[in-house]
Amino acid sequence: MKKYKVGILGATGMVGQNYIKLLEDHPWFDISYLAASPRTAGEKYGREMKDKWQMDVAMPENVLNIVLEDVGNVEKIKGKCDLVFSSFGMNSDEKIRDCENKYAKFGLPVVSSSSANRHTKDVPMIVPEVNSGHLEMIKIQKKNHLWDKGFIVTKPNCSLQSYIIPVYALMKAGYEVKKMIVTTLQAVSGGGYPGIASLDMIDNVVPYIGGEEEKSETEPLKVLGKIENGNYKNFDDLKISAHCNRVPVADGHLACVSMLFGKNKPNKSEIINIWRDFRPDIQGLNLPFAPSPTIIYKEEENRPQPKKDRQEGNGMAITIGRLRECNVFDHKFTCLSHNTIRGAAGGGILLAELLAKKRLI
Amino acid sequence: MKKYKVGILGATGMVGQNYIKLLEDHPWFDISYLAASPRTAGEKYGREMKDKWQMDVAMPENVLNIVLEDVGNVEKIKGKCDLVFSSFGMNSDEKIRDCENKYAKFGLPVVSSSSANRHTKDVPMIVPEVNSGHLEMIKIQKKNHLWDKGFIVTKPNCSLQSYIIPVYALMKAGYEVKKMIVTTLQAVSGGGYPGIASLDMIDNVVPYIGGEEEKSETEPLKVLGKIENGNYKNFDDLKISAHCNRVPVADGHLACVSMLFGKNKPNKSEIINIWRDFRPDIQGLNLPFAPSPTIIYKEEENRPQPKKDRQEGNGMAITIGRLRECNVFDHKFTCLSHNTIRGAAGGGILLAELLAKKRLI
Amino acid sequence: MKKYKVGILGATGMVGQNYIKLLEDHPWFDISYLAASPRTAGEKYGREMKDKWQMDVAMPENVLNIVLEDVGNVEKIKGKCDLVFSSFGMNSDEKIRDCENKYAKFGLPVVSSSSANRHTKDVPMIVPEVNSGHLEMIKIQKKNHLWDKGFIVTKPNCSLQSYIIPVYALMKAGYEVKKMIVTTLQAVSGGGYPGIASLDMIDNVVPYIGGEEEKSETEPLKVLGKIENGNYKNFDDLKISAHCNRVPVADGHLACVSMLFGKNKPNKSEIINIWRDFRPDIQGLNLPFAPSPTIIYKEEENRPQPKKDRQEGNGMAITIGRLRECNVFDHKFTCLSHNTIRGAAGGGILLAELLAKKRLI
Amino acid sequence: MKKYKVGILGATGMVGQNYIKLLEDHPWFDISYLAASPRTAGEKYGREMKDKWQMDVAMPENVLNIVLEDVGNVEKIKGKCDLVFSSFGMNSDEKIRDCENKYAKFGLPVVSSSSANRHTKDVPMIVPEVNSGHLEMIKIQKKNHLWDKGFIVTKPNCSLQSYIIPVYALMKAGYEVKKMIVTTLQAVSGGGYPGIASLDMIDNVVPYIGGEEEKSETEPLKVLGKIENGNYKNFDDLKISAHCNRVPVADGHLACVSMLFGKNKPNKSEIINIWRDFRPDIQGLNLPFAPSPTIIYKEEENRPQPKKDRQEGNGMAITIGRLRECNVFDHKFTCLSHNTIRGAAGGGILLAELLAKKRLI
């Protein structure tokens, strides 16, 4: 099989590095293009990143000699890529939007892990196991912009990855989740590098992450929404309230969730069975990054734990535990997902695989 | 003023050590008696604890030469104490209850930080700022047992100290809190020593603490309850649901709270004013360990934090921050209390001070 | 190729669990026997360890249904194993020695990671890359005991793994290292589970590990020694002084080493070349757990680091960095090895592979 | 007694904040002046620092309303201060030197905790307990520059504070220390704020701190040196080699030290007695920040530890433990000092107290 050539915009940041690490031996994708800030343009990736490479594996051979391009200079990518991953770090949403639009206009499918275009009205925000059907918005988006081959798709924020799939699984099984109160304990890698200072994370937790609670509350409603007459209609029958905390964990976002069902209420064993039996629509597509099973329910009373469970399904599975009655709502549980894999680069790769399989690139 | 002589049962454990540290220069109390397991009996405290003292200050001079007694040998305390603090660690509730009863029967007021007698029907569970009136149960308790001078009072669990006072303040101001969903991020010192292994707390959090959620949900209902005709009547108009997590913090339990009010709903500034203006009934008593103010509201968007705020009011104040609208209930906030001070030994000392001032010892 | 059947003595402890994890897909060895304390005997491993399994991967399928045996009941192993790994935890050296001797007498090759027999005069202590020749002691040992097939071999302590190979490489190249002052920063997994308390490892380091400095100083002298006329002759031309510290790192022991050479002194680039070019005698044997290269020298000024480098060579490589002049001796450097892989179970497996290849089992 | 008015240059950085915290209730010094970068000039300290204050106590009342000045605008200080503390963070040494010189020229005694002027030939580098006699250099310095009242004094780097006093005590007692190999385990607060990233300090240590080893090796030689004919003569009879590591500890630098004596070698109990009996020349001066005793020797086998011992002497004492024979040199031990107190602001304050007592300001 001929492999797709992929580029990474923002290749020097943490998410970019994670893309490079995770794509090292990808069966469908080959990295052919790396772009970052103008300052780095013209330098070989291996040289530029010698002292900045943060991953816990050595820099893959295949990127050492790729010469970095200025991400603003879109012409350079001509003929080199079938798709780009947009993994910008700390720029303004406006600048990122401009840049992603420029690449889409230039003819490139853009898979974005940034938040800039998540609420753009004709840009789908996809969790492949939940709303692959929203990819139909691509056609509309292309038409709106008169784009020929290029388009933009996004993935939602890392903080909600652990609960969106379990909640969707229950909904798909016919149980309406009406209200959720969620408290997250989020890993420091979610803040990029250098991110939060060690002085703030030794013997401490910080009960605030800028912008994270809003994303955790609103993004699921678009993901769970519908497309009607070419327009997004957010799901408005679920209310989520989020408390987001930063904790001294390197990787893995944990969430404590209380949920209230509508009239039709499943019992504990039904819920666990729904999760364990959950087979997403994409199951049959054999996407390399799709974990199987998608959801792992742990019986031990003190799981999931970031250190022990974040690598399940190569960092793409959702682990859940501690399902029990909630004194205030119906049920409560704890869930976990790997924030830099499922929640960032891995999620982007799975989405790109879906695009490839659906012949959208 | 003549000082009270106090004893510590379980003097070698972590809570016992905290009592000794906090009582070092207490203006009203002098340590005159230390008891622990039979194995240690006959040894001087300073010698026994040479390699076991865990506090971050040197062992106080005043306990170095006190000879440890067998806690089971109650006769030994004869004439030596006006009050004992019961700070047992890992024994069964039944054994602790027996032991506390034995000391009470022997004529000693027992201030217990253990959970053994918290739900005993004639034993009050006191947060001095909330329900000092419940001390009237002492009279009934003495009568029930035909005890002359001895009695037992308890304090509630460390996990709920950060929210019980703020919620009570709101209720006192006329606003009914009907439902609360609480997620705690609890420090490792709450588990005693050695407590949780470092392997479980490096790059990890553990979403489970045995028995802690039940305590966090039910104990507030007794504290907020009433005594009618000599019987406890728990407050039954509030539902609490708790998720308790262990995080890699040495001291300081943080709680993320969402709360639903009854019909009468305060707005944000009213709530903050109620907390800031909160003056508990014990305010005028000038108890040495009573913090002033009781509640500190922090305006910074990322507070309270364990490391920066746990020492407020010498570890006895409650710090709160991040009051904001809750998407599901009415309001949400984050609160913090020092678990080994307010939540354990310090809370016990404050309670003993209250007893002293009320001439109950 | 027919696989060897191997047993694990002390299968429920941390080292035992690591053996099971690392042997999961081993090409030469199949686990056929698991033994632990009498209390666990008769229980299936999967059931017994349900809440005690500490590894960051799920328990391998192949051990779930193995029924645990009482380690003291050596008869049970009859016909079931070709070799046993002895991975005892906290027993006395004397008991461990008795037990290992019992298995050897019963006819089993015993590969021990415990310290009990390391200084027994006819028991070799092997680092395969350094002194595979010492395996000749097995013959003598068998003769001494009149053992037919069984024998005992040991591996040295985890704390010295990072520097013994680099120092040996220099010696082999003709440079005598005369004196070394070593300070280790050791991971908590080296202390087993539960090991050191989290209260001692949050915002703290502990400058003491019982027995570790002696091992770090004396064991290398046996490993570097010779066998003359059937007797061990320790290497007495090297003096090592060790400071051992426990630091809040999960895995990976780091060592800061200053070394003084004899008259013949290599310069910096010679040393680095010697390390990079180091080819141990076992190189050609294609042992599955032998890392290639054995030693990795990092040019970055702030490496090696436990988190980033411990997995090199699947946890079996030695990483070194920061070679520079020493103001007092000749050179100094920093080195790292993975304590639970190279320093414990992985090192034991490599040694067993060597025995297999040499047809000693 | 009339209090001295003191200013802080670099008042918004971490060292500046520590000065403010430690000076809150100082009996001799009142803060009257705070200067920082031009950007902050004109703003009240309390307002500017609202979200930047990093200390674990609330911002002292006495600085809330002090208006920050531009540190480059030296005229502003006219008539406002008797002495300034220079606590610059991240500027170049050259800029800091220029600035300190400007203030000295303007007539102000400058107590610097920066490294910029430490090796300036007529600037003394003082540890009050070791070389208070070096203050005679001030007279020469003033003469060199034709300065009337102003001058500059410095204190050495935080990394060497734990061993310079113990070594000096031995020398003073007549035992020559000839060689020392030192490995430090340094706290993250030594790197300022934000300093090292949490991603680098969770489950990790970093065996490198830029510039720190050179300082640890060379600065003691100036401190232990002599002034002859108005010129500094470094002590050249001691060789120090340092390995500096960053560890996940908030405060407190630990050092593991091996030392070789000259011909006259003390035994273990002599050394401990020398340390315990050490009475520095400044002992009789009753300087408020001078700890008494200066050195605390701990008998416990696992001390000193940062968390438990850094607060000894209000963070100004040196704690030592584990004195034992060194296999390579004569003796080895572990020592600790609080890096932001003794090693930075506290050390500066003690030096200023010495200047005040000696009537040099």
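Here are some notes:
Per-chain numbering from 1; labels A, B, C and D assigned in written order.
Throughout what follows, contacts are C-beta pairs under 8 Å (C-beta built on N, C-alpha and C of every residue); 3 or more make two chains touch, one makes a residue touch a chain.
Since we're looking at a predicted model, the values are computed, not measured.
Listed by label, the chains that touch chain B and also chain C are A, D.
Of the two chain pairs shown, A-D and A-C, the one joined by more C-beta contacts is A-D. The chain with its C-alpha centre at the largest distance from the centre of chain A is D.
Chain geometry summary: the mean Cα position of chain A and that of chain C are 40 Å apart. Distance between chain C and chain D, defined via averaged C-alpha coordinates, is recorded as 43 Å. If you average the Cα atoms of chain A and of chain D, the two centres end up 48 Å apart.
Of all residues in chain B, those touching 2 or more other chains are 54, 200, 202-203, 248-250, 301, 307-308, listed in ascending order. Residue ranges of chain C in contact with chain D, taken from their complex: 179-181, 183, 185, 200, 202-208, 217, 239-243, 245, 247-250, 254, 256, 258, 301-308, 321-322, 326-329, 332, 334.
Touching chain C in their complex are the following residues of chain A: 50-51, 55-58, 202-203, 250, 300-301, 307-308, 311-312. Note for the complex: chain B touches chain C at residues 54, 188-189, 193-203, 248-250.
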